[in-house]
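Two complexes follow with chain A in common, the first pairing it with chain B and the second with chain C.
Now for the complex of A and B:
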């Protein structure tokens, strides 16, 4: 399996959930279901806003602290996007089921305790945003995320977008950044050793991946020439996935 | 979590009356399954079963561990069935419901206790090292007849699965990574399948195969028969209070055998197709380390 495959997405894949999406990119495949707003349990109920519940389920083995960590990251950034104040005492439940993740062919994995890392975060993030859109949950903006790793290669530090498990293992530091559709930084998490300058460079790269604008000129979408494909154009991809779904659903019109 | 909405009285009556007039809401015959789809993932041991609106994903995985002290010659084989809120919001994490308990018990009885997987072959060093094979069943959507779909998914994923190759030389155990040696299949003895009958009516006189979620909520009893294509029955579980006549059950078992043969043929066909897809350039035979029997 190559890591440079184009992203794929399908919306509304599960018949019984309010909204669902399946997204696969760079070897990761994630299915998400969104139910909401539904009745919250007493312990989760908040008098002024909706509670956003994110559950990450690994493909094999039981989830541990790493999954809880990713859940809390997703939960805090997604509750920034969702208009939680509109649904007091409610629950918006997002379940992310990992179906496939690229394996490191050079090591035998321990599987009973699943341990996820930052490499999967972009896939989890994009899937949950797509599922929320599919469930028609009101949101302030959409958002896209990307992972960047700094790998030491031949004495120079190279930055890799969407790193493979092997690259993450060898990386000096791994960063996950998410940007909203208004180019605001939503999430910035880092792991490992890095300098402030390196982080600035990583941020710049991530911004280029997430916020690459397709400039609209007189109704024609044009790509900027100087930003030739490094990494997928996630925001545009998200948009076209939803557009396709809407077009298919309103076909009868 | 909100409770699952029960069908209304008129909805129940409608389903029952239709069944009494030999009709099903989706226009199927009484002994007809919904369209069954089986796909395998890019990795070994990932099987995705779609049965109408029911969708189950099973993933097999293996790792080397220490065997149980009372069974030093056996490997470890577990089936994990945890229903997530993805199935329905009424399911909660870490709180098993009746559906989940029944599903895991039936899968346990059908696949584990019928000896479908030879656990002795999973032993590497007696009392010290063995393989632990684990199958995770993920129910993505519950549209009725979860048991049959889950059983098929687990069997398909285990037959598709390949565990890393190992060798013992001079008492030193080596586990080869996929990059070093092509992984090897499990020692699989027979493929049991579940066939679930649902009974309707006062005395359970109407028997229906592959009930949908609505039909499952209306039925008075159900009977799950697990058997392989040779007609060897692994278990029969008759659930629900209403008694069913013995002759009717015998008839159900004979129909179940034809269904099990169909499932077996489907899994064989899909596995062969998948093997062909992976065998690019016909190099697979040379990569294999095991000898033909």
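Now for the complex of A and C:
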């Protein structure tokens, strides 16, 4: 599957939800709905802040331990973004439905249950941020995420941004990193064998992908050639996707 | 996408250019919805929208549209009575949120002996008197200063024989309907058209709640449905004035 497709997003796709978004990138398509702030169940109620509830539903079958793990990672990083202190005793519910994931050409992965891994994390993360923006949930900042894999190729260790399922399978280690719009590291999860130095390099690459601000010179957007190879300009993409939605909402102004 | 130079697009956490913040000799700066102040001097947006300023009132806020109503003091809302307690009604402002309290004595002319009887499910037009993040919101149907209702109270068709129902719209559209000059500022004229010559002079009454609810009442059920549909289609389709005129004409033609 081609992993270097440009990301696509649509906001407000579900009319009955408070906010929703559909995002597709690198073969993954995820739809998210956000409802909130709503009344929390008694057991989720927190006296001083809102409870953020993340539910990940796989494309086929029911979620398992891996989904719960991804949910807990998303939940802790999104609670940092949302201004949870503004809504005590409330619940902000985010439901992520995976619609499509890239096929592994080398293994029959069709209808395999509970085989989620870090490769899908950036898509899940990006979709939830877009859906939260569409629901106008007050947030501290926006954030972008990316996945980097270290693949052993011809004896040398190569770093791959947004790896394909095949690359993840063969990778020595896979890393997911998210950065807020103020260039702060928000999420760093890794699996596999790697050294501290490798992690530093991965972090540097991820920061370049997530925190790249488009070079603007006298109103002309300049893309340098070596930057194109670094994957999509996620931050700029997020901004333009939301800007379109806001402009459509405020057409009457 | 281009935004006009007067209203820049902002995302949560972005820094607001100090040149955009208005300054005034007398009035202090007022921050509207969608902005938060981090002492000493940072003003940071919390939602995605367009930054709007009013130099005369020295205010700045973020204009955006959403679906979920968060109560603010002074807002006019349409609430549905859920149940009654000893001295207050519990009313719902939006689905799945904590219910608001409406004291039984906060109606015009209500005393301990004569209080309005509202059954669960009935609708009231009320003002949010208290909204605090740590407490459930409180409503009132009477002005505490004058003791008059000012049009607030139970929503029933004034003619007596008529019916009414509530339609859901987005919060931004409800706000446009509530504007004093909704045609010029909010670009909605669909209600005027329905009552005017385009709509053949339909007779109906409306109440707009800031919580994204519009109550439409009329003698005939047909009129109620036409007005409600016109409002919802204008909201969802993002129609301009000319498109609203076409919509009204189409709905009237379909009714006949």
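Heads up, the rule we're going with is that the second predicted complex is superposed on the first by the 233 of 253 C-alpha atoms of A that agree within 3 Å, B and C clash if a C-alpha of one lies under 4 Å from a C-alpha of the other, contacts with A are read in each partner's own complex, and residues count from 1 in each chain.
Keep this in mind: a contact is a pair of C-beta atoms (placed from the backbone, for glycine too) under 8 Å apart; a residue touches a chain by one contact, two chains touch by 3 or more.
As the structure is a computational prediction, the values presented were derived from the model and not from experiment.
Within the superposed three-chain model, A:100 lies in touch with chain B and out of touch with chain C [touch as defined at top].
In the superposition on chain A, A:38 makes contact with both chain B and chain C.
In the superposition on chain A, A:248 makes contact with chain C only, not with chain B. Note on chain A: of its two partners chain C and chain B, the one contacting more of its residues is C.
Applying the stated contact rule after C-alpha superposition, one finds that A:156 touches neither chain B nor chain C. Residue contacts after overlaying the shared chain place A:65 against neither chain B nor chain C.
When the two complexes are superposed on chain A, the residues of chain A that touch both chain B and chain C are 15, 17, 35, 38-39.
Note for the complex: chain A touches chain C at residues 15, 17-19, 35-39, 83, 86-89, 133, 135-142, 180-182, 238-240, 242-253. For chain A in complex with chain B, the residues that touch the partner chain are 1, 14-17, 29, 31, 33, 35, 38-39, 41, 55, 57, 59-62, 93, 95, 97, 99-100, 103, 105-112.
Across the complex, chain A is touched by residues 1, 3, 7, 9, 11-14, 34, 36, 46-50, 63-68, 70, 95-98, 133-134, 172, 176, 186-188, 236, 238, 240 of chain C. Residues of chain B that touch chain A in their complex: 1-2, 41-43, 46, 48, 53, 55, 57, 59-65, 80, 84-89, 93, 132, 134, 136, 138, 140-143, 164, 175, 177-179.
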